[in-house]
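The structure is given below, and queries will be raised subsequently.
Order of writing sets the chain letters: A, B and C. Residues in each chain are counted from 1.
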């Protein structure tokens, strides 16, 4: 009876209402895109500095909050044109993210440059809590509404009448997917084709070697953390446009970790594929199997999938195999 | 001048290997124990005990637990909160099933439940290392927290989802529940923590501590000495989780008096980890110092500024505490990765040659 | 010249060992023997595969082909801790000490295989666990005496100069009371005095404890003076095997070192 419930019934359900299946798949892909974006931020920093930036998630929230916060201040100062205020706020927020990148590089990374990676990892814990405290202090703990309209982001639904039912696609999600693809392609090209991209890859391989050929570690790190900050900002805008902007730490950053394990910590395509797999897997798992185990298994399901992966293929689907030489 | 070893000769290896070879250190420990067991309960008021001393000793124990795993063995764990929770819920169930057994027995026995779970989630350490292992511990954290909420048997099908502690006695004196005085609870907690600290100290100064530190410093070389990695790492998980489990049980039974699942969240895990980092990775003394520092900080922020004439909102206290904590973590990792314990050692060094500068 | 000593039977026999990493061939069909109580030197130009050979003997690398017979037992692959339990100890080119631990603790760690008092007794320390500690401390002190490192007993080894670190590492290997000791460039980076000291320790170990020693070394003077036999590797192959005098005159060896085109 139980075996039936696990292995047969969910598929029967899927077949019975294919429009629901497609809807669930779509929801999964949408969630996956957002995970992929967060993972992308991690991958950028990890690729270039070998640091796993635990604070990436909070940077997403921070970026979004700063944007809304600056917007509200501008409106209060009398800039009546909403769209103008929105884009000015956007520009200023990008500036803030740069300052953040610069600050992090100077204060956290530079002093720790020769320490083992685990120390840098722990330093990003400190950064996370600092940003949470700081963000809550400046913006207050209540949640805010993303200025999606003012930024010309689309609203509303497209309803597809297919497969005997209706599948609703939110326009904002389509926009998110498009924006994400553009960003990912841009970044991939940047890494492989430009001089700075090459320098980034050199730094990721070995700090000391990169230094010895004259690459300025400081510059590269600021660039990378800034790029990551921009990705975080875009993620925050998209995420906030779908729901609201608040400090739910667990939800955001930690969800991205299984994505990275699946996709490999150093691979941009890996982040995308991993994100989509986890997104779809979680949604399907929760919807069709969740009844068995109780709701809310998505809090740990992704981690278990990732754990299994770690045991058999530690470098992820796309990562580089690690050879230890004595 | 005061803190000198001159004249203290060791005539056999046993005394050379003593944990506190210097007489002044032994006197210092005796004094601290005297203060802890006698002075504090006698002179301390209810507030001091309930809000400061009891949680301090309990968190110190949890910090020692995590330090054994992360500081001594080098296995970063983000699941401390969950392991504490396992201890708490295990104790609760044991008490429910066998209400007539002394609660202290169950508090300690709960550690074994925690140890078993710790070993289970430590198994991946055979194949994965470093922060990948940390991610495995995160899996433990989320999964166990989900269990605390979704398995009603754990909280006796209570509709609120919370566990509550009734009254238990020892020799007729209530030690848990609303009737237990803070002094009693403090002394029980303190006794358990002191004994367990003594065990931890013995472990780390002997061959097991060496094994753990060898695995931390260079596990390939440790294997070369014949140290088998998986049993060593699993032992670290087991002992560490035992300590965290007992701390969790004490947290609920001797301090809060009840609990909900979100007491044992990932924030708790980070809280304890920060205590380890600030206090000093790989130091038992550091565990106490770190616990004191991180725990007292928000209390300090809540009460001192108003006394100095600067009113401060309770919400702001939390925000500023987070900021200071985060900043301190970064500061300690940069400046003194061995934490307050190392600073204390340096101070002692200076004291040894005082009044000369070096 | 050294007094004649009793060199025993074959202690370790490596049979046709081949090892590759991905596409790189590190070792090709190497066979060699190490006899009990002898000092064997493994020499060759850089990249010849010397360290890889030691790693195979040790169990760090598992060869794709070939077998090792040690003390009569043949196996294809061994885990390092099994090698340790079997009586093989080694030192590394880049000192593999436990950097945060003191000299004393490092060498005591070498006694790990011989210390058995259970977890239960460790909890109490005083009693059986302490007695065991003291017993092994005595052995470790003999080693410290032998290697003349009393003055750095309680210093964390990370703070020691390189030459002393190598000596501590030797002490740690000795603490295992090994049947076979593998030394990977024990004299690297040392000045003349330090080399003489090290050579003295190696010879004493061999004479006094009877330890069989296989060492990788670049200093020809040391090789010629210390070793009973020499094995020469080049590009992952064995090109000579014999007494120091024989090897010195071997044309293939001379070619390898002078870099004649292959």
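Methods note: contacts are C-beta pairs under 8 Å (C-beta built on N, C-alpha and C of every residue); 3 or more make two chains touch, one makes a residue touch a chain.
Here the structure is a predicted model, which is why all the values come from computation and not from measurement.
**Q** Mean of the CA atoms for each chain, then the mean for all of them together: which chain is nearest?
**A** Answer for the innermost chain: B.
**Q** Among all other chains, pick the one whose mean CA position is farthest from the mean CA position of chain B.
**A** C
**Q** Need the CA-centroid distance for the pair chain B / chain C, whole Å please.
**A** Going by mean C-alpha positions, chain B sits 42 Å from chain C.
**Q** Taking each chain's centre as its mean C-alpha position, how far apart are chain A and chain B in Å?
**A** It comes to 34 Å between the two C-alpha centres.
**Q** Indicate the whole-number Å distance between the mean C-alpha point of chain A and the mean C-alpha point of chain C.
**A** 50
**Q** For chain A, write out the residues touching at least two other chains, lowest number first.
**A** Within chain A, residues 326 contact more than one other chain.
**Q** Name the residues of chain B that each touch 2 or more other chains.
**A** 220
**Q** Can you list the residues of chain C that touch 2 or more other chains?
**A** 60, 92
**Q** Which of the residues in chain A end up touching chain B in this complex?
**A** Touch list, chain A to chain B: 52, 107-108, 111-112, 115, 117-119, 121-123, 125-134, 136-137, 141, 249-250, 254, 257-258, 261, 294, 296-297, 299-300, 303-304, 306-307, 310-311, 314, 324, 326.
**Q** Mind listing the chain C positions that touch chain B in their complex?
**A** Per the touch definition, chain C meets chain B at residues 58, 60, 79-81, 83-85, 89-90, 92, 96-101, 105, 108-113, 115, 117, 119, 122-125, 129-130, 132-134, 137-138, 141, 172, 176.
**Q** Would you pull the chain B residues touching chain A in the complex into a rising list?
**A** Interface residues on the chain B side: 76, 124, 127-128, 130-132, 134-136, 138-139, 142-143, 145-146, 149-150, 220, 265-266, 270, 273-274, 277, 315-316, 318-330, 333-334, 337.
**Q** So in the complex, the part of chain B that touches chain C is made up of which residues?
**A** Where chain B meets chain C, its residues are 12-14, 16-17, 199, 202-203, 205-208, 210-211, 213-214, 216-218, 220-229, 235, 282.
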